[in-house]
Amino acid sequence: MEYNNYMKIEFDSKSQNEAFARVVVASFASQLDPTIEEITDIKTAVSEAVTNSIIHGYESSTGLVTVTCKINGNKLEIIIEDEGQGIDNVEEAMQPLFTSKPQLERSGMGFTVMETFMDEIEVYSELKKGTTIRMVKKFKSLNVE
Amino acid sequence: MEYNNYMKIEFDSKSQNEAFARVVVASFASQLDPTIEEITDIKTAVSEAVTNSIIHGYESSTGLVTVTCKINGNKLEIIIEDEGQGIDNVEEAMQPLFTSKPQLERSGMGFTVMETFMDEIEVYSELKKGTTIRMVKKFKSLNVE
Amino acid sequence: MQLQYEMVDHTLIVKFDGELDHHSAENIRTELDDVISQRRVKNLIFDLNEMRFMDSSGIGVIIGRYKNISKLGGKVSVIHVTDSIDKIFNLAGLYNIISKHNNKSEALNCM
Amino acid sequence: MQLQYEMVDHTLIVKFDGELDHHSAENIRTELDDVISQRRVKNLIFDLNEMRFMDSSGIGVIIGRYKNISKLGGKVSVIHVTDSIDKIFNLAGLYNIISKHNNKSEALNCM
């Protein structure tokens, strides 16, 4: 995808970085003149994907989570990557309420939330290699011009 | 340097990313429970270094600026890098009021501000290769414990 | 994230102030379960008026407390739900097991 | 960054509202120079009360305007300077050429 602005961030898979990742993406997206609802949507989706990399991807070990953002017109593309466990069966994992960690009180709604709050989502994953989530959000605010 | 938390961000050398870089570093530093003054100090120093990469490092071309942050105890290490023009004479460049771009109304005070607002600063630069600024800030707020 | 408590008869009203994600969920769970067992709480009302952010980790926290409370015959409800959180609750089918009310007095009336 | 203007006799009071860095400096420069020439301004007061951030790019903006104004015999001053910006102004020796005042009326008195 061609782009007008680009940023990429990587950070340790520590849970305190979940809030940090949300702020970074929201701050980068602010140049799209978003509504409060649009900002909440992308913060929520980013939070889900980054949390998954931390708790499912790396489990008890520490690794790096990468978040890439590209702005193209009124579209924001967000790519969240880890080099963790990977997902065996992506289709099953994306089912609402499916979770491999019920003992941690996970709801299994992460993927459903990402799908609902973003306009596009693609998931690539390979066991022992890691997981990549690519999401796109179209911002309405710039459409009017 | 050993560290407790780590992040690295890269972005296009566009001037709208100067404010973005400040927000990212300030947000990462918030886990050090900083005072408002400490946050202003690091935002100012980061703004100086990132601006320099954009206007002096890459001039009219576009390249990538990288900002790395490491937290170790109450210390925040910030490294700002570009692969731009480089600096011919670092000692001269660091003199207060020295600027190679007076026609752009640059004041030549960027390095002096970085030195004043941070506890340590080191500059590595090579012509045609790029420039790396390494700065350290010690946060008082965590000293008390 | 900070929690504020108010007890009305056997109903505990828990007010969330801050962001509820996976990071904050763990402490919240421990603190909540302590308060619930110490004060011998029957019913639970979650007041989300000051909840500035919540992702699906919040569903886990709420359903987890619901399971404990309902085992002992109590009820759980949520009040002051923002649009974004409402969307998440609907996705998860949360309103099949706990009820939503506009404010504290409405929620207390249904306990 | 937004600029608000007030004219008192031949003195223009410019209120900065926002962040002044290299990115915002360019627009500010153009806008300011337009206003200064159109309104035939003699003296200039920069009101920094609502300036939420400034780095050394701000010094360039202020000194640049000072040069133009002083050529025509006018004076420049700054009011409501925060601690952090004061530190930057001191480093740059700005107070050797322009004066600092607590508020508008003090600054106007010295024009």
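Assorted remarks:
Should a chain be cited, it is by its letter among A, B, C and D, assigned in written order, with residues numbered from 1 in that chain.
By our rule, contacts are C-beta pairs under 8 Å (C-beta built on N, C-alpha and C of every residue); 3 or more make two chains touch, one makes a residue touch a chain.
What you see is a predicted model, and the numbers here were worked out from it, not measured in a lab.
Chains that touch both chain A and chain B: there are none. Ranking every chain by how far its Cα centroid lies from the centroid of chain A, the top place goes to D.
Mean C-alpha position of chain B lies 44 Å from that of chain C.
Per-chain Cα centroids separate chain B from chain D by 26 Å.
Centre-to-centre separation between chain C and chain D, using Cα means, comes to 52 Å.
Contact with two or more other chains is made by no residue of chain D.
Shared interface positions of chain B, i.e. residues touching 2 or more other chains, are given as 16. A complete list of chain pairs in contact reads A-B, A-C, B-D.
Interface of chain D with chain B (complex): residues 19, 21-23, 25, 29, 53, 55-57, 59-61, 63-64, 83-84, 87-88, 91-92. Chain contact summary for the complex, chain B toward chain D: residues 15-16, 18-19, 22, 37, 40-41, 43-44, 47-48, 51, 54-55, 96-97, 104-107, 109-110, 112-113, 116-117.
If you check the complex, the residues on chain A that touch chain B are 5-12, 14, 16-17, 20, 23-24, 27-28, 31.
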